[in-house]
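The same subunit A turns up in both complexes below, where it pairs with subunit B and then with subunit C.
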Partner chain A sequence: MAEKVEGILCQKIAYIDLSRGTVDMEVVPLEWHRRFLGARGINMHLISRLTKADTDPLGPDNPLIIGLGLITGLPGFGSGRYNITALSPLTGPSKNRPNIGDANIGGHFGHEMRHTGFDYLVITGQSPKPVYLLITNDHIEIKDASHLWGLDTWETQKVIQREHRDERMRSLCIGPAGENVARMACIITGPKDAAGGSGMGAVMGSKKLKAIAARGSKDLAVAHPDELLRYFQEQQDILMERKWIKALGRLGTPLMLAIAVAGGYGAGDEKTLMGKAKEEAKGVFAENLLPYSLGHSACAGCAVHCRHRYLVAEGPYAGARGEGPEYGALHALGLALRITDPKEVLYLNGLVNKLGLPTQTGIHVAQAIKLYEEGIIDDTMVDRPLKFGDIALYESLLNDIAYRRGIGDILADDKFGYDRLPPEAQKYRLSSIKGAHNVVDWGLTVREFVFGQITSSLPGHVHRSRTGLGVLGLPAEVMQKIYDGHPVSPDKHSFDGKAYMTWWHEILYAVCDAVGCCQFQTVMNSPNAPKYEEYSKLIYLATGLDMPVPYLREVGERIYTQERMLLWRFGFGEREHDRVPQGWIHSREQEEERKKFDGLLDEYYELHGWDATGHPRPETLKRLGLLEMLDG
Partner chain B sequence: MVKVKIYGTLALDLNESRIDLKFAGNTLADVIDQMAAQYGSKVREELLDQEGSLDYAYGIFSDGERVGLATRIQDGSELVIVNMLGGG
Partner chain C sequence: MGRQLDIDINTPNCTGCHICEMVCSLYHENVINLDKARIRIKDKWDESLFVPHICQLCESPDCVEACPMSALSQDNGGIIQVDMELCTGCEACVIACPHEAIRWSDEFKRLFVCDRCDGDPNCVKTCSVSALALNGNNRKA
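Let's turn to the complex of A and B:
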């Protein structure tokens, strides 16, 4: 097949320097698409070129990168996804040293930006006063945002739409948490879509960048439009017949909580339930959110519509509204705070989204209460007793974190805040993985989940390799067929084949993210969901690029090993960083299990082409065209 | 008596979150037969695939462990039926 290099491969990258107030732009080099596809792949390539091991994550040289996937903006495969990437101020080895930061995000912003003609924004510098970016067809303007500074994320988006008299204008923005550079702050678009987990909102706030608004009307010239539309329809028809997709569309990810409780893992682990009886946890099961649901909504380019729009109509939380909550929020803003009333979770979920905090901030609140119970945070440091079950206290602490007030100022510094607490606080530190503090101990039960999390190229995050097929109870022969003929045990307690399984998912998801598809619509939840074959066809029909399956697998390897090299650069790429954290070991039995996790590393490294210390081998780097990263 | 707790879409479809079965059979397959006799064909359509095997879109658990169609179910057992997702 001859390659047709035009259309959506001619989108632009803009370099925006907020210190100088300049915007430069060029067409995205085709070579980048060939090597990294897009989104996460190209973002990390830019990070590798533009940063050093000592770049201050809250300084002007940290590039905040918005990068779209190859198919972001097209109508199918959950193509509302894209990546926001920068050096993380949350997970580095010290306050001024960086680590990898990245978030895959949905909603409608990506589609809108793609129609402006821009695929990548690389934002450096620091503005002396609050600004926002206005992205329209082939044009970028840096605009004053003094009137937006101080607004929450929902108000910000609304004011920008009103100002431009355009309800279809979509914005990424920060709330008070980002403005005050709370290290965990996220970037929000719509009611709840968030770039969370590695402090991207704090980076945006450090640049005094309040929002990025996009409105585009340019056509996306795809290579084979008629066939592409037919392909989207065909794939969507198949997808929407699946039982698991129907379940996601009716109840969303909150379903995961019942699964976790039934299977005794994740948020259903007895320890994680914080002493709550399993019966009580059911208060926040998916079915109990339905009375508040106004229906489901979806990201752009997705027919699954996996999240609630909700409204609490009466009672003390009357008027609470928003989208979600997702499974993680039911834990962090629910069970971890000993809440089992869905209305309270819905209220707090809306609050953190408006403040621009990730839902995981509930864990910080729970930790503060624990430190108070232990007498480490005392009454001289807080203006009221910290106790579980006090919703007004939760609200107050979340606000204090976002505005960096009182004890909230310490909590807003995440792991670095411990240095400002009495020395005995150190022994209550939460577990860390590759510098990511505050990583929840879900128990070691599902081997592949744990192994994927400890080895993840995004510190502490599960979505680099979410090996969901392992809990579906598939027959061994089906598992073997999926995993290239390699035996992978379907038993969650078994370690057999789990290194291969993790590696396999890492490579596939790297491609999925870079193409711009939603991970929910690949083999996370079903062996029959789209994977390389479908992506290959999709890329050809959309761009004209011929990328057969083996080519895509190599791209996936390249993206993943590139991230490993960055981890190495930032001081988190050694074998010791791929171990189960000591804080997760609570028994002699778990100590033995930890050794078995260690035992998976050799095979895992070998599959990646890395040596026994966890460093990519020079020949691997040469094969993947990443040899230059050895110098930086 | 076998207690069957149901969460997710099947609970919505059957309008039941818990069924107490006077169980007369031996295996999980018998439990499903009995539920289908009581609640109609939806039970089979949802829990089984076209080949009559357990559909991976659902998980059936006893004491935190998955059970299969041939698993022996004792009187007094408690089962949990829930939609399965691998991630979220």
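Let's turn to the complex of A and C:
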């Protein structure tokens, strides 16, 4: 059938130079969709073309890219997702050298931007004064943001809505953390949806870009509207009957905390009570958050509603309101800070969202207290003793990081801050993976968790491949069926088949992200969730493009190998970068296990078409159409 | 007395996913466009609240009463009929509606009000949390 080039395939990409104050735009080349689908795939393609190994991540040449998935904006399939990508100022080899940065984000901004006619924003340059972008139908304006500078993320979004008298206007924005270029700063939309983990908020702040506001009323035309409506309803009815989805819809991602504690997955890190202090951890288990829930909330187009709207009604934190918290926040703003009172976690969760800090910043606070306990940070460097259990102190330190005050200025530099601490601080540094510092040691228990994290194309990040299928206790024959007939052990302690398992999920999630669907709604924790077959049909119904399953799998390979080439460019693509960090090894037994993880690499590289050093082979690059990356 | 196509709104249940608006526009307009939906979700995320607005098929509809051009009428099932030949876009009906459920679009020069999708409302069918229920039938409960 002939492909229709209309609707989604006529959306635009805008190149915005904040130094010159210019905006150029064109239709997104169809070839890009064919090769990379969208979002993460196209964003990384742009990064490969627009950056060099020495591009300063906080300089004007670092492109901040907002990119929508191919079907972002449709109902169902968790299609509220999109990617924000730039060179990371957080994980590079030195302060002014880059690494890959990327964040998959939800909420409602992506859907709204799609209706403006723009699918991609590539923002370069640095404005001399604070600005925000106003994106409306086929139009982009760079506007003064001096009145927004200094506001938190909630205030910023509400002021923009009020200014334009439009409650449907959606914004991505930074808080004080991004303004002050705290390296870990994130970008926020709504009460809590965040582009975190790679310092995207710091990049935005370095450009003096306070917010990107979108309001569109353009039709999103789809190739086969009647069939799409039927298919969505059919798939949603199936999805909502899944046990995993029902549990996720009731408890949200905090449900995973109980699973992790029961499995002792957090046993590796002394600051992680999980697995070590099970009784204390129960204080912030999902069920104990329910008394504060007002109901659920969802990203645009998602029926699963995996987060709570919460309100603390009384006590010292009365009035604390927001959404979430996610599983990671219960750790970083909870257990890592010795907090087991849900009200305190909810309060701190709201605070970091408003400051524009990722919830993982709790780890930085815990690290500072540890350094104080060890006498490395002393009383001359802080205005009060740093000790666990002091919520006012936590609040103060989080603010200090966001505003770069006192010790917070050092902590805001993440791993680079150690240069400004006494030399003995070095031995307390948390482990690094491919330049990502502060990577929490969850223990080596679940082999596919660990292997996926150390090989991840996004440094230290788990969502390139993490799956719960290995901890469900599925029968071996079911596992084999899921993984294309390849034997994959259902035992989380086993190494058998775990290279294949990791590779399989890497390719699937690359496609899932690029399509614009939520990973929670693909084969992550439920073997029967939508994957290539459903994406293929969805793409056809929405765009008219014919992309059969093998085609999509090759696109997934292309996206992943493209990222490997970028890692290589930035100095993190060697075999040595795919090893379990030494800091995670606490026993001779774990030393032996580390060798077994090393032993998985050969098969893993072979599956990707990379050589034994971890470099993509020229024939692989040729097959995937990425040969030009050898020059960059 | 209730009508056969009454839609009960359970506001606390609404998650703000906006699927109802997407499928509404897809069904009626063959495109996805929340600005062309006959149902409206007001998103007050900073107050932890999402509020659905959809025609309540009033017994004596204020919108019909308010229209100076008699462009609005109500059929036997309670559904508001709009004669766009007569409608001038004065928005008297919009102001009169106590449910904020009829909407004029300056951009599209049209009134949007729910027609119950020929008796099988797509918004109700696709609401996974029963924020919308047809005639007391809490389908997903």
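Keep this in mind: the second predicted complex is superposed on the first by the 623 of 632 C-alpha atoms of A that agree within 3 Å, B and C clash if a C-alpha of one lies under 4 Å from a C-alpha of the other, contacts with A are read in each partner's own complex, and residues count from 1 in each chain.
In the analysis below, a contact is a pair of C-beta atoms (placed from the backbone, for glycine too) under 8 Å apart; a residue touches a chain by one contact, two chains touch by 3 or more.
Note that the coordinates shown come from a computational prediction; the quantities given were computed from them, not determined experimentally.
Within the superposed three-chain model, A:L289 lies out of touch with both subunit B and subunit C [touch as defined at top]. In the superposition on chain A, contact of A:K158 is made with subunit C only, not with subunit B.
In the superposed pair of complexes, A:V131 makes contact with neither subunit B nor subunit C. By the touch criterion stated above, A:G190 is placed in contact with subunit C alone, subunit B being left untouched.
Judged by the touch definition given at the top, the superposed model places A:L621 against neither subunit B nor subunit C.
No residue of subunit A contacts both subunit B in one complex and subunit C in the other.
Per the touch definition, subunit B reaches subunit A in the complex via residues 7-9, 11-12, 17, 46, 54-59, 61, 64, 66, 68, 80, 82-88. Residues of subunit A touching subunit B in their complex: 242-244, 246-248, 250-253, 255-256, 258-259, 262-264, 285-287, 290, 326-328, 462-463, 466-474, 519-520, 524-527. Of all the residues in subunit A, the ones that touch subunit C in their complex are 73-76, 108, 111, 115, 154, 158, 167-168, 190-191, 217-222, 225-226, 228-229, 232-233, 236, 240, 249, 294-305, 309-311, 321-323. Listed in rising order, the residues of subunit C touching subunit A in the complex are 12-19, 22-23, 26-27, 29-36, 42-46, 48-50, 107, 122, 125-126, 128-129, 140.
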